[in-house]
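Listed after this line are the structures, all set down as C-alpha cells.
One chain, chain A, appears in both complexes that follow, with chain B as partner in the first and chain C in the second.
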Partner chain A sequence: MSIRKILLIAVIAVGFGAVNLIFFQVDLTEYVVVTQFGKPVRAVTDPGLNWKLPDPIQSIQRFDNRLTVFLPNKAEFLTKDKKNIVVESYPAWKITNPIEFLKTVKDVSGAQARLSDIVSSELGVAFGKYDLTSLVTTNKKNMKLKEMMDGITRNSNEKVKDYGILIVDVRLKVLSFPEKNKLSVFQRMRAEREKIARKYRSEGSEEASKIRAEADKEKTIILSKAYEKAQMLKGEGDAGAIRIYADAFQKDPEFYKFLRSLQAYEKFIDKNTTAILPTDSELLKYFASPKK
Partner chain B sequence: MEEKKVLVESNNVSKKHKENLAVRDLFFEMMNRLDKVILGFVQKAKRLIGFFNSLSQKNDPDNSAVSDIRQAFSHLNLKLLGYASVGLIIFFYSLSGTYIVNPGEVAIVKLFGQVTNNNVGEGIHYRLPWPVSTADIVNISTIRREGIGIMLPEHKSIHSSPEIVQFLTGDMNIIDIQAVAQYRIKDAQAYLYNVSYPPYLLINETIRSVITEIGGNMKVDEILTIGKERLQSLIRSKTQKILDQYQHGLEIVGITLNKVYPPGDVAQAFRDVSDAKQDKEKTINDARGYQNTVIPQARGEANRLFRKAEAYKSDVMNRAGGEANRFESMLAEYKNGEKMYPENETRYRLYMETMEKVMGRVNKYMLDVKEGQKLNLKFFEN
Partner chain C sequence: MFMNRKEKALVITICANFFLIALKFILAGMSGSLALKAGAWHSFSDIFISGMVLVGLVLSRREDLSQSKGISRIENIVSILVSFFILYIGYEIFQEVIKGGERIVSQVPIVIAGAVLTIIISYFMARYKIFVGKETNSPSLVADGYHSMVDMYSSIIVVVGLTGYLVGLKNMDKLAAVIIVILIGLAAVEIFTSSFQALRKGGVSDTTHTSLHIKALETYLRPIKFFILPILIVIYFASGIYVVKWDQVGIEKRFGRPIETQVASGIHYRLPWPMGQVDLVNTANINAVETEPALMLTGDENLIEVNTSAHYFIENAINYRYRVKNSDELIRYAIESATRQIVGQVDIDSLLTTEKEGIIAQIKRLTQEILDRTLSGIRLSSIQLLQAVPPQDVINTFREVASAWEDRATYLNEAIAYQNEIVPASRGKAAEIIAEAIGYKNQKVNHATGEAQNFLDRLKEYKKATDVTQTRMYLETIEKILAKTDKLIVDSRIDIGSTDLWFVRGQNAEKILEGVK
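So, the complex of A and B:
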C-alpha cells in the first residue's frame, strides 16, 4: 500500500470524526445547550445544522422543548371554610430557557421535583383563600375555580421563571373529599334523596286530595244547582196547575165544590167505612116511601 | 432509516388453539434438532480425527485447505470487488431515503431537524438519507378512542387499569362517570413536535379536569336527567379549547357519556326519587280519574233531576188542563140543562151515581127514623 492511500484513508477517518465532533443537528423538538468544559456558553433554539468546537472542548446537551405534563401525587388540602379535600392536579409545562434550565434544575426529574413543590405549595395557599362552596357551586356567578387556577398558574410561573420553565396551565384532575369523609357525604346524599322522594310523594297526595276535593265540590254544586232548577220547574208546574184550576173552577164555584166533593167521597170512602143511614136521608128518600 | 411510527396500538390476536398447535410444532422441532445435534457431533468427531491425520501428512501443499481457497478465488479481481462493494453500499444507502406514505397518512420531512415539507400525501417518496433528512409519518384519518373511567379493549396493552372516576357536583354530590372520547389528529406537525406526552393520556387528564370544572358547576339532578347531552357538548368544547391551548393538533370528534350515576348504594336512593316522581304522577292521575268519573256522574244525575222536574211540571199542568177541560165541559152541559129544564136532574144523577159507587162497597146500617126525631148512637170499640 502506498503512502498516498494511507493518507487518504486517514483524512476520511478524521473527516468523519470531525463531522461528528463539530457539527450537530438541532431538531425542532429540542433545544441544545453548548457547554465549554462543562460551562454553558450558548443555546441553540432554532432547528437546523450547527457547529461547535470539537469535543472535548465544547460539547452539547439536548433538552426537549415540547410541552409535557407532570402528575404530582394526590394531596389533601384544607379550604378556607375548613373542608378537607383531596386534590390531584397537573401542570403542563415546557422548557423556555435551556441555559437557565441546565444551570438550575439540570434535568427533567429535577424540574419535576421543583414543580411538585411549587405547585403543591401554591395549591395549599390558594385553597386557604377560597371556600369550597365557591369552587364547587351551582351558582355560576359564585364560581371561582377558574380564577383560583389562573392565580395558581400565575404565581407558580413567577417562581419557576428562574428555572427556565413556563407553566402553560395548572389544572385540577380531581377535586373531591377524602375517602374517610366520603361515607358521610354518601349518607348526606342519601338523606337528601329521601327528603326529595318524600317531598314528591307528599306533593302527589296533596295535589291528589286537592283534585278530589275540587271534584267533590263541583259535584255538590252541580247537584244542588240541578235541585234548584228542578224545584223551580216543579213550582212552575204547580203554579200553572193552580192557575188552570182556578181559571176553570171560578166559573161556577158551587158546581165545582159539588163535583169535587163527589170525587172526594169516591176516594176516601172505602170498604172499611161503615155508613149509618137514617131512613129520612136524601139517599133513602124513596126507600121509605115511593110517594112523590 | 428512522421513520418513527408513533402510537403503536397493538391488538393482540393470540388464540388458544393456535397456541396449542404452536406447542406441538415446537415439540417436533426440538426432537428433530436433537437428532441433528447428535449426528453433527458424530460427524465433527470424524472430521477432527481426519484433521489430525492430515496434520501428520506434512509438506503436501496441494492438500491444505488454505491453498484450496486461494485456488478457488484466484480468478477474482480483489480491487474490482472492493470498488463494487463500496458502490453497492453507497447505492443502498441512498436508496434508504425512499419511504411510502399510505392512504390516510401524512409525512413530514425534516432536513437537519428543520421541517421542509409538512404535508406529503400518499404514495412513494424520496428524501435524503439519514442523518441528513428524516420523514415522520402520521395517520391523520383514524379516529382513536380514549376511555375515562372505563377500559377500552384496544388499550389493554398501554394503559394500566382505570380507577373509578368520580366528580363532585355543584351541590356536593359525588357522581361516578364513564366516558369515551373519540379524537383524531388534525394537525400532524403540531401533533408530532409540540407535546411530548402520550396523546391518550393528555386527553384523559384534560377531560377529567374539564369534568371536575363543569360538573362542579351543575346540579346533580341536572346532570342525571336533562343535563347529560349538555354535559357532553360542554366537555367536548371545553376540552377542545384546552387542547388547542396546548397546541397538540388533536381534535375531539365526540364525547360519549356511558354512565353518569351516583356510586354504589346511594344509587338506590336516587332510584327511589324517580320512583317517588312516578308515584306522585300516579296519585295525581288517580285523583284526576276520580274527578273524571265523579263530575260526569253528577252531571248525569243533575240532568236526570232536571228532566224529572220537567216531567213533573208537564204532568201537573197537563192534568190540571185535563181536569179543567173536563170541568168546563161538564159545566157547560150542566148550565145548558139548567136553562132548558127548570128542575135539573143532572146534579141529582151525578150525586146518585157517586153514591151508588161509594155505598156499594161500605158496610151500611139503616136506621128507621121518624121525621124530626133525634137519635144518639154511641160506638164502643174493643
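So, the complex of A and C:
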C-alpha cells in the first residue's frame, strides 16, 4: 500500500470521528443539553442538526420532552369529615426546561421521586380541606373534585417550577376506603339493602290492600245501587198495584168491602175457631122455624 | 495410497474447505444472514471443483485407469448433475431474497468476525494451491487456486453486506447474497461446461481451460473496480426508499426535524441514514384496552366493582408519536380515572339498573377530555362497561332486594286478581237483584190488574142481581167456613150475657175435659 492510500484512509477515519463528535441530531421528541466538562451550558429544544465542540470538551445529554404518566404509590389520607380513604393518583408531566431539570433532578427517576413526594403531600393537604361527601356525591352542586384536583395541579406546579417540569394534569385513579373500613361499609350497604327490600315488600302490601279495599268499595257501591234500583222498581210495582186496585174497587166500595170481608173470614176462621151462633141470627133464621 | 505433492495439496485444501463450509453454515444459522448462506453454498461448489481436479490428477497419473472411459464418464455425468443442483440452490436463495420483508440479522459483530476468518482461510488456501500448481507446473491446480480466490471474494462481499447492515443499510445483506448467487451460477456453469465438453470429447474433464475463463473474467472485471464506488454510492442513496403501508401514516424527518407530517401510503423517498428518518404510525387500526376490575365509591358512598374497556384509534399521528411517551398507560389511567369520577357522581341503583347508557356516555366524554388535555392524539370510538356489580360480600342482599321487588309484584298481582274477581261478581249480583225487582214489579202490577179485572167482572154481574147474589155469596162462604169449625148453636132465649161457656181446645182438651168430669 502506498503512503497516499494510508493517508487517505486515515483522513476518512478522522473525518468520520470528528463528524460524530461535533455534530448531533435532536429529535422532535427530545431536548438536548450541551455540557462543558460536565457543566450545562446550553439547551437545544428545537429539533434538527446541531454542533458543539468535540468531546471531551463538550458532550450532550438527551431528555425525552414528551408527556409521561407514572403511578406513585397508593397512600391513605384523612378527609375533612374524618374519613379514611385510600388514594392512587397519577401525574402527567413533562420536561419544560432541560437545563434546570439536569441541574436539579438529573434524570427521570429523580424527577419522579420528587413528583411523587410533592403530589402526595399536596393530596394530603387538599383532602384535609374537603369532605368526602363533596368528592363523591350525586349532588352536582356539592361536587368539588375538579376544583380540588385543579388546586393540587396548581400548587404542585408551583413547587416543581424550579425543576424544569410542568405538571399537565393530576388525576385520581383510585379513591376508596381502606381494607379495614370496607367491612363496615359492606355492613352499611347490607343494612341499606335490607331496608330497601323491606320497603318494597311493605309498599307491595300497601298497594295490594288499597286495591282490595277499592274492589270491596266498588262491590258495596254496585250492590247498593242495585238495591236502590230494586226498591224503586218494587215501589213502582206496589204503587201501580194500589192504583189499579183502587181504580177498580172505587167503582163499588160496598161490594169490595163485602167481597173482601168474605175472603178474610175464609182465611182467618179455621178449625180452631168456635163459632157461637144464636138461633135468632140472620144465618139461623130458618134453623129455629121455617116461617118468619 | 501414494500421493504426489499436487494431490496432497488438494486433499489438504479440500479438508480446509470442509471446515470453511461448516463454519459458514454455522454463522449463517446463527445470524440468519442470506449472504452467508449463499457464501456457504459457493464454498460447496468450490469443494466440488477441487474434487474434480483431484480425480483428474489421479487418473492422469495412472494411465491404465485413464483409458477406462467408464469411470470418467460416470464422473462427468455426476458433475453435470451436481452443476444442476448448485444452480438450483442459487435459485432458491435468490427466491428468498426477493420474498421481501425485513430480514433481521442478529449477532452481527460476531458473525462479521467469523466471516473475516473465512476470508483469511480462503486466501491462504488459494495462495497455497497457486503456489504448488506453479511449482509443479499443474495448470489445473493453479486454476483451482483461482477458484478459491473467487470464494475469498465472496466472503469479502459477505463482510461488506453485514457491515452495511450494521450501519443501518438493511438491504445490503440481501444485495451481497444476490452477488454471491451470481458467483454460484458462474461456478455451476463452469462445472457444467467442462464436464459436458469432456463427455463429448471423451476423457477426463479439464478445469484448466475454465481457469482461463476466470482469468479472462478478471480482466473484464478489472474496470468494475472503478464502478464499485459509484455502485456503493447508488446503493447508499437507494436505501432512502421506504414504503408506507395502507394503514399507516409516515412522518419524515431530516436530522430529527419533521419536514413532512402526512406521508400517505405508497413508496416514498427520504435522505439515507443518518440524515433522514421516517416514523410510521398505524392510524387505521382500532385498538382495545381494558381496565382491571376495581372497587369504586359511588356517589352515595357505596362500593361497587367496575371494569371498563375502550376502543380507540389514533387520530393525530404527530401528537400520538411525539407528545406522549407512554400512551398505553395514559389511556388506561385516563379511563380508570374517568370511570371512577363518574361512578362517584351517581348512586348505586342507577349504576346497577336504569342509567347505564347515560353513565357510559359520560365516562366516554370525560375520558376524551382527559386525553385531549394531554394532547395524546387518541380518539375513543367507544367505551364499554364490562362489569358493574356489587362486591361479593354484599351481593346476597342485593339479590334479596331483587326478590323483594318480585314479592311486591306478586302482592299487587294477587290484589288485582281479587279486584278482577269481585267487581264482576258484584255486577252480576246487582243485575240479579234488579231483575228480581223488575219481576216483582211486574208481578204486582199484573196481579193487581188481574184481580181488578176479576173484581170488575164480578161487579158487573153482581149489579144485575145485587140482593140475591150477595146472599148467595155470603151463604156459600159461611158454609165453607163453618164446615170446618166447631160450632155452638145457642137458642136465642138463652141469655148469652149470663151464661159461662168454656172452650177447651188443643192437645190437652181431652185431659181437661176428663178432669172436669
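The definition used in the following text is that the second predicted complex is superposed on the first by the 257 of 292 C-alpha atoms of A that agree within 3 Å, B and C clash if a C-alpha of one lies under 4 Å from a C-alpha of the other, contacts with A are read in each partner's own complex, and residues count from 1 in each chain.
One rule holds in what follows: contacts are C-beta pairs under 8 Å (C-beta built on N, C-alpha and C of every residue); 3 or more make two chains touch, one makes a residue touch a chain.
Just so it is clear, the model here is predicted, and its values are computed rather than measured.
In this superposed model built on chain A, chain B and chain C take up the same space, so to speak, and clash. In the superposition on chain A, A:280 contacts both chain B and chain C. Applying the stated contact rule after C-alpha superposition, one finds that A:145 touches each of chain B and chain C. Touch criterion not met for A:75: it reaches neither chain B nor chain C.
By the touch criterion stated above, A:22 is placed in contact with neither chain B nor chain C.
When the two structures are aligned on the shared chain, A:166 is found in touch with neither chain B nor chain C. By the touch criterion stated above, A:60 is placed in contact with neither chain B nor chain C. Shared contact residues on chain A (touching chain B in one structure, chain C in the other): 25-30, 47-49, 64, 66-69, 71, 90, 92, 135-140, 143, 145, 168-169, 171-177, 182, 185-186, 189-190, 192-194, 196-198, 200-201, 203-205, 207-212, 214-216, 218-220, 222-223, 225-227, 229-234, 236-238, 240-242, 244-245, 247-249, 251-252, 255-256, 258-259, 262, 265-266, 269-271, 273-280, 283-284, 287-288. Note for the complex: chain C touches chain A at residues 253-258, 274, 294-303, 321-326, 329-330, 333-334, 336-337, 340-341, 344-347, 370, 373-376, 390-391, 393-394, 397-398, 400-401, 403-405, 407-412, 414-416, 418-419, 422-423, 425-427, 429-431, 433-434, 436-438, 440-445, 447-449, 451-453, 455-456, 458-459, 462-463, 470, 473-474, 477-478, 480-482, 484-492, 496, 501, 503, 505.
The part of chain B that touches chain A in the complex is made up of residues 110, 112-115, 131, 166-174, 192-197, 201-202, 205-206, 208-209, 212-213, 216-219, 242, 245-248, 262-266, 269-270, 272-273, 275-277, 279-284, 286-288, 290-291, 294-295, 297-299, 301-303, 305-306, 308-310, 312-317, 319-321, 323-325, 327-328, 330-331, 334-335, 347, 350-351, 354-355, 357-359, 361-371, 375, 377. The part of chain A that touches chain C in the complex is made up of residues 25-30, 46-49, 64, 66-71, 90, 92, 132-133, 135-140, 143, 145, 168-169, 171-177, 182-183, 185-186, 189-190, 192-194, 196-198, 200-201, 203-205, 207-212, 214-216, 218-220, 222-223, 225-227, 229-234, 236-238, 240-245, 247-249, 251-252, 255-256, 258-259, 262, 265-266, 269-280, 283-284, 287-288. Listed in rising order, the residues of chain A touching chain B in the complex are 25-30, 47-49, 64, 66-69, 71, 90, 92, 135-140, 143, 145-146, 168-169, 171-177, 182, 185-186, 188-190, 192-194, 196-201, 203-205, 207-212, 214-216, 218-220, 222-223, 225-227, 229-234, 236-238, 240-242, 244-245, 247-249, 251-252, 255-256, 258-259, 262-263, 265-266, 269-271, 273-280, 283-284, 287-288.
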